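Beneath this line is the structure, given in structure tokens, with notes to follow.
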Amino acid sequence: MSFPPSVSRNFWGRDFDSPIMLASGTSGFGEELLDLQCLAGVGAVVTKAVSFQPRAGNPPPRLLETPFGLLNSIGLANPGVHHVLKHILPVAAGLPCPLLINVAGESVEEFADVVRVLEKSSAHIGYEINVSCPNVADGGAAFGVDPEVVLQVSRGVSRVTNRPFSVKLTPNGGDMVLSAKAAVKGGASAVTVCNTFLGMHMDWKTGKSVIKRKVAGYTSPALLPLVVARVWQVANAVSVPVISSGGVSTGEDVLQLLAAGATMVQVGTRLMRRPFAAAELMDEMKKLAGE
Amino acid sequence: MSFPPSVSRNFWGRDFDSPIMLASGTSGFGEELLDLQCLAGVGAVVTKAVSFQPRAGNPPPRLLETPFGLLNSIGLANPGVHHVLKHILPVAAGLPCPLLINVAGESVEEFADVVRVLEKSSAHIGYEINVSCPNVADGGAAFGVDPEVVLQVSRGVSRVTNRPFSVKLTPNGGDMVLSAKAAVKGGASAVTVCNTFLGMHMDWKTGKSVIKRKVAGYTSPALLPLVVARVWQVANAVSVPVISSGGVSTGEDVLQLLAAGATMVQVGTRLMRRPFAAAELMDEMKKLAGE
Amino acid sequence: MSTARDFDCQVTYVEQVLPGVVKVAFDCSGISSSAAPGQFVQIEPSADVFPVTRRPITINRLTGSGFELLFDVVGRGTELMARMQPGDIARVLGPLGSGWKIPLQSNCLLIGGGLGAAGFQFLIDSVDSARVLIGASGLERVIPFGACHVVTEDGSVGEKGLVTSLVTEKYLAEADVIAVCGPVAMMEAVWGVIPEKYRGKVQISTESRMGCGWGVCDGCSIPMLEGGYRKCCTEGPVFYGTEIDWKRWKEAGL
Amino acid sequence: MSTARDFDCQVTYVEQVLPGVVKVAFDCSGISSSAAPGQFVQIEPSADVFPVTRRPITINRLTGSGFELLFDVVGRGTELMARMQPGDIARVLGPLGSGWKIPLQSNCLLIGGGLGAAGFQFLIDSVDSARVLIGASGLERVIPFGACHVVTEDGSVGEKGLVTSLVTEKYLAEADVIAVCGPVAMMEAVWGVIPEKYRGKVQISTESRMGCGWGVCDGCSIPMLEGGYRKCCTEGPVFYGTEIDWKRWKEAGL
């Protein structure tokens, strides 16, 4: 690698002008992006999670802002894979950039089942397999904490598709390097490092969590150093590209992640403040490179 | 538990007016605290880590501030247990509040070896066993990620002392609830949740980490929700007191952690900005309670 | 297709309307030229990276070349917004959401609770005739409108009582549209006193904690009677009262 | 036993001394009455929770009832500090550190590099006689002192050259104390040109990134020739040149 890193990337055999991907769950299925015309600077879009059956998602409130970050408890709300295939992907196909579909499952088999249905579409270039979901058969621990299970999920998916896929790892337990290696062994063509860190806000007056599920996914620009460390560790351990996810709010953050070994860099929560974040980050990077 | 939680605590059979402990590594061995007279509001002090042999610590720079937090790579610098026993604990005995000694080890046996020597002192009420240290025999992964190893460490310590001890867990891999249970099974009278999260800062211009060991311990007030979640999970799983460690910068933060199930609450990084943080946090809590 | 765009808007004036209630006006023809009553904007409370989300505020009223926001100072975001000064620039995304469904030349009954009535001015300005019923805790929570019936819980303005006491069968019958906006508990009480046969005309302006405000995060769900949820930000904030699952919505708290 | 205490100090005046170099004076008899040359303070750049550590700055000079700081604006902390206005209150912990070891009635040779000379004024004010040698990159990096020899790399002030060119055997021989302060590379160069027999008189003002500044975090280690490290904040910042492991120190970067 050369430093400072270039913003032009080659990923999954394609050339990208921008390393920026819009993270799963923070950009819907692309329809609103087209409406708002906020796709400048976007390298690729990752859809929100798609499960086999429709999922209503968690009861509100689903969001809670803390002084320095955001807790979310969306619960993988989505209309189910058949609806997505029929009604949503045809619209998403109009995106001017490549699309990845984020896939959720409650069992090892469900991931492959969802992918099998999605194979009928040509709207997307590949998948992001979200092994941070709770594994119902295993008492609700995330699939991603057990390398053996990650291997099974990854194998299952690679059996039903020839498209490339990334396995999106969890930072909440287990050993991410081992899970990354298992994903690659199972056929993954990338790993995403990583999903949200478990967090919680306590109402100390009542002893209750505002969010009904108690713990939630926490995101914050202050988590960047945690993501940089994990990207660096995983990038040094596997030969497939690493997609970073988490903590980006400035162009310098993106450059740090690229320097740490990320091939592509996702941005999520920042879109809540800045729908045009991708273009802004690209501008900031260009300024820094010119220095 | 009643809400809002009371700031008076009972911990290890003692009554404390304040739940606040000064965290290991951020208050030396107490000598400077006496000098600066910043002990008002302090419930207890935890010393920096003590190992069997003297340790010079990591090469500088050992600290790096990021926009929203602090990376540290101190490397458990300390003069070794014999020096601590002879020259430091006699001074620390002058502290007006209880003292816990934080114990580091590079092997399962070292923890017990250190404690055995310290048993000759009466300056302290108990120990905090830092299983976040790298386990040299196991390729450098932290002891704390493997519940089986935590059990051995905890058992080893409980064989050589009758004083209570807390096992300070790591959030960087493994399952903290399982490790907490293993610590208790081995004889721990508390668990500390938790040590620092691994973090890294990359100099994107050169591709090098400013900190020589590359990854470091990251602390930030923005990590509070991560600590609240982990305290809540562990407190619901074990019967011994939970000491929280991490993320505190306001009195409200302390109340959140108490409401989440912490018996005592450590404050560390905040002391870098505010040596009198304990008194300030107590004042803030009194104001909030009066509302 | 949404007409929302992200604008750098200049603050033209700031006014403290009531204690802890601030009105801020912005110059922005991009928003004022396309906004409809009941729509809202997502505003950045400050240029700092925190808070990490914007704040949703209903468009209170259009001015010549811009719009006014009227809000309660309840937390960090609104505190920062209250510090805005004429000349300041704020990033504002809008107009957002669906707005009131108002047929042309309609006769509206507006029922508002406290600051919930903030958005009514725009609605009043847009319809032929509006009868406005306002309930508030007391003097310091009554937003001044031209002509309206006011009751307060402490009797400091108008009769002593709740806004439900102003709702008469006559008003309900005469209205083409019944628009309700205020705290959830107030809206539920109003819904409770409206006889079944008038309920089809009732529109509710809902609120939810928001992430994006433009439909991508699924964070702003309002429970629906048919099951599941709809998005407050794009499918709402205005829903028909008959669509909402009031029980599940109340459980949400806020 | 340290005399350091944590004070709320009022800013009395602010002055831009050179481009990007600011002097801020504080009223604080608690610090001025006990400070010694070479000591420093830990100052909070702002009331905000970030940055999470303070910034260490040498006491440049004492005023009647307070002290002056003189600093380079290099990053976020010093940028915030440069915005301070007379009347502002800042939290300042001090005086900290060991200071120069100066015998009474001593004859000092002061060798400074650029802004590193910031603390010399206090030292000059405290000793009987001081000969001051200053090297800087150019005009815009020369801090004005009463009487001193100056060289600059670009020749814009004094001769063109490095400060080492001013160091003569005569000066070294005459001095009781040789005080060196500046960037690490400059101090190393000075150390390099000082013959062995004078090295015992040489004191070096070190710098390190700091956490606490009062000895509790062990973050500010300076590598020592005897092996291991000493704390810049309490055992330093001033060390004898003979104590420092120059090679390991240079490797540290900063």
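As written, the chains take the letters A, B, C and D, and residue 1 is the first residue of each chain.
Note that contacts are C-beta pairs under 8 Å (C-beta built on N, C-alpha and C of every residue); 3 or more make two chains touch, one makes a residue touch a chain.
Predicted, not measured: the structure shown is a model, and the values here were computed from it.
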With centres defined as the mean of Cα atoms, the chain at greatest distance from chain B is chain C
In whole angstrom, the CA-centroid distance of chain C from chain D equals 59
Whole-angstrom distance, CA centroid of chain B to CA centroid of chain C, is 48
Per the C-alpha means, the centres of chain B and chain D lie apart by a whole-Å value of 34
Residues of chain B that touch at least two other chains are 67-69, 220-221
Residues of chain C that touch at least two other chains are none
Among line, ring, star, complete and other, the chain contact graph is line
So the complete set of touching chain pairs is A-B, A-C, B-D
The residues of chain C that touch chain A in their complex are 1-2, 4-6, 44, 49-54, 76, 93, 208-212, 214-223, 227-229, 234, 248-249, 251-254
Listed in rising order, chain A residues that touch chain C in their complex are 25-28, 31-33, 35-36, 38, 48, 56-57, 59-65, 67-70, 72, 74, 77, 210, 219-221, 249, 269-273, 275-276
In their shared complex, chain A is touched by residues of chain B numbered 1, 3-5, 66-69, 71, 141, 145, 173-176, 197-207, 209, 214-215, 218, 220-226, 228-230, 232-233, 252, 255-260
